[in-house]
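Order of writing sets the labels: A, B and C. Residues in every chain begin at 1.
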Amino acid sequence: MEVFVQTFVSGVLMGGIYALVGLGMTLIMGVMKIINLAHGQLMMVAMYITYVLFEYLHLDPYFSLLIAMPTLFLLGAIIQKYFLNPLLKVDSILPENQVLMTVGIGMVLTEIIRFIFHSDYKSVKTSYSSDFIYAGGISYNVAMVIAFGIAALLTLLLFFFLLKTDIGRSVRATAQNKEAALLMGINAEWITIFTYGLGAALAAAAGSLLLPIYYLFPDIGGPFTLKAFVITILGGLGSTVGAIVGGVVLGVAESLGATYISMALKDAVGMVIFLLVLIFLPGGLKAWTKI
Amino acid sequence: MSFFETQHLTKAFGGLIAVNDLSFKVEQGKIYGLIGPNGSGKTTVFNLINGYYPITSGTILFEGQELNGLPTWKICKLGIGRTFQIVKPLRRMTVLENVMASAFNRTAREEESREKALEVLEFCELLKKRDYPAKGLTIGDRKRLEIARALATGPKLLLLDETMAGLTPQEQADGVVLIRKIRDSGMTIIIVEHIMQVIMNICDQILCINYGQEIVQGSPVEVANNPAVIEAYLGRE
Amino acid sequence: MKKMRWSALIPLLLLLVFPLVIQSDYYRHIFIIALMWVVIGSSWNLLAGYTGQVSFGHAIFFGTGAYTAGLCATKLGISAWWGMLLGGPVAVLVGLFIGWVCFRLRGPYFALATIAVGEIFRIVATVWRDLTDGMQGILIMQTFRSKIPYYYLALFLAALCVYAIHRVIKSKWGYCFVAIREDQDAAESMGISAFRYKSLSLAVSSFFTGLAGAFYMNYMAFIDPHVVFSLHYISIMAILVGIIGGVGTLWGPPVGAFVMVLLQETFRSSFFGLLPKWVSEGHVLVFGVLVIFVIRYMANGIVGDWSKIKRIWSKEKPEPVATIGS
């Protein structure tokens, strides 16, 4: 029983970080209706930025967050403006143009990082990376707890932003109905640029939070992009609450899968959930609630 | 056995009843009109006949065969062709290729399909434009193409969904000529239309609906003079 | 059509004499791989370019074909060459199952589902060691020392594949495929069962891709899940071959295959040794840049946008867009 609770808790903590990744992706998918296959790579770039700041300036990753997030926001905005928006005007047989563009961008980001940093695994060891606190018979990894806390905080800030600010409302309006939003005077082009930047920033946050408890190498982006999808589809496209729930569900499922089935199949768990949801519950968990 | 009939046809989308207990018969070789104000459920009726939407309750019978639950493509094979209100040209194919794709409904051989397609294009007066890419056509020609495509599937019953919308008066007159030509060739037609002159001119029988329910069925004269119809379109005095 | 046949004969003749003229195994190998990609790219293009179902998981069929051949040797004790007969049909069975599950999904969701299935296959192949020997892979004895038989086999497969697809496109199937791509709902109203024809397209596509996989097993004599079920090296490469050459055209993927493979090798070898070593490190980067460039400026690929390219060179007037006839 203890093992189960322990596994479950680790899963939830990880789920908090996953939720950030999923939130970024669901916003992008909700507003632009494109699949961002560079999402994990954006996170990876943020992780390298955080790593560099730690190695050379000895900046704690949790503070680097404040640098990584705006940097990735900018990068995301540039990508949307110069690479993705122009595609809207091109009429090609494959509607998946934007998706493929993100594949290209993901590749370029990965290779540039590989060029600079090489493929060897890097890691960041902070004082608390391997610290545990014990409560109620369960051990909690300090780094993960802090990460979860910051993730929760950022999520709350995001909600506040989306619900209470003008820009946030514009983002939601554009996500729900682009034409109507345009008619209401919302500058849809600018909103897409902003949203992609925001999505990238959220991925960046997840990356910074993840760095102390994970290891880093250029190809780490791919699996996280896939995880982001699972979360997004699981929670329901464009549903922010869904992304949070989806993130936690994935975290728990992976954790349980690693413990009770096998470590090697951990990634497969996500894929199977993904397929099942795509087939049986196309609206995602969102369909079960009224969110 | 009637040629085509619906019995208590009903379609509900959750709580919204879009089509409510419609029953009507269409005789072979006639033109049957379906009219009603915007949002009255006309296109939904077509979508039900066509197999596009599942039926909530009631039956549709075509030459004695029940259409309930059959997929769209099967209904087409049985002999019901349809045009869409918002036309759906196969944009990156030529006019000829568009119609050939339909003609393959009745044959598997390319030469036969081409022959049939050319025949239909000539009938619809689109032959000269057969090598134009569909996406370059004017709206009038797109509507013709839509009809040509439906005809090439070799139907016995043709569903025309607001083919006159967006056309100039001259184009509408040409459209009426074409529809009459189609009927004269032995086709049965159900036509959804908004434009009164067109409907009154060509239909043998008319069904007027509002809010998914029947208001009146009858000959054009009967329907035009029915106070409930006038009220539905123009509102109360 | 006649015109195209004659000008297609020239490259074919060149390819036929190639290994007799070029003695180097290195260059023969590159061409063999390129010919293999002609098959994979063309197959992908049939499903994606002509039928509009963009698969991000063609590695599933490639890997299935490769493992079918490999398992013939390791589990059935027969020659892996039997895989050439079995690889295609087994891949078709897998394909039909996937279609049955995934075709209800439209557009990007279908693409995502194929990614997921591809990854599942890769992970299962890695983990199910009893069947596949996991990451150790399958190693067999190479039948021929010389590259020449493999070359002509690859050429034969490529020619067969392109010819078969050419016939399919001109037939009823081809018209149904494109109708589904252009407007699935309209196609259904025209009597075309979307599910049936998508499945047919997938069957042909997976057949040839599986065949390519079986060939790969026999040629390279070694496979492992990481390579043959790879999302990036197989599935996405197939997409790139199609896109760069020209989606929805017959000759696009063949052109794309040679361009991609030659380009990749040019960079990987640092321009065949002429440039410093670090250039080799950048070959994937070049790919990424190429993808970005092509999607942005040449979305219809080299063949699809050929008239546009000619125009930029010679400043002519534009012509009507290519349709099913090309």
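Keep in mind that, in the parts below, a residue touches a chain if its C-beta (ideal position, glycine included) is under 8 Å from a C-beta of that chain, and two chains touch if they have at least 3 such contacts.
Note that this is a predicted model, so its numbers are computed, not measured.
Chain centres were defined as the mean of their Cα atoms; on that basis the chain farthest from subunit B turns out to be A. The chain occupying the central position, as judged from C-alpha centroids, is C. The chain pair sharing the most C-beta contacts is A-C.
In whole angstrom, the spacing between the mean C-alpha positions of subunit B and subunit C is 43.
Here the CA centre of subunit A is 32 Å from the CA centre of subunit C.
If each chain is reduced to the centroid of its CA atoms, subunit A and subunit B end up 49 Å from each other.
Each of residues 93 in subunit A touches at least two other chains. Residues of subunit B in contact with two or more other chains: 92. Among the residues of subunit C, those touching two or more other chains are numbered 248.
Of all the residues in subunit C, the ones that touch subunit A in their complex are 48-49, 52, 54, 101-102, 104-105, 107-109, 111-113, 115-117, 119-120, 123-124, 126-127, 181, 231-232, 236, 239, 243, 247-248, 281-282, 284-285, 287-292, 295-296, 299-300, 304.
Across the complex, subunit C is touched by residues 50, 52, 71-74, 76-77, 81-82, 84, 88-94, 97, 100-102, 104-105, 107-110, 113, 132-133, 135-136, 149-150, 153 of subunit B. Within the complex formed with subunit B, the subunit C residues making contact are 170-172, 175-176, 178-179, 182-183, 185-194, 248, 320-321, 323-325.
Taken in their complex, subunit A has these residues touching subunit C: 34-35, 83, 86-87, 90, 92-97, 99-101, 103-108, 110-112, 114-115, 222, 226, 229, 233, 262, 264-265, 267-268, 271-272, 274-275, 278-279, 282.
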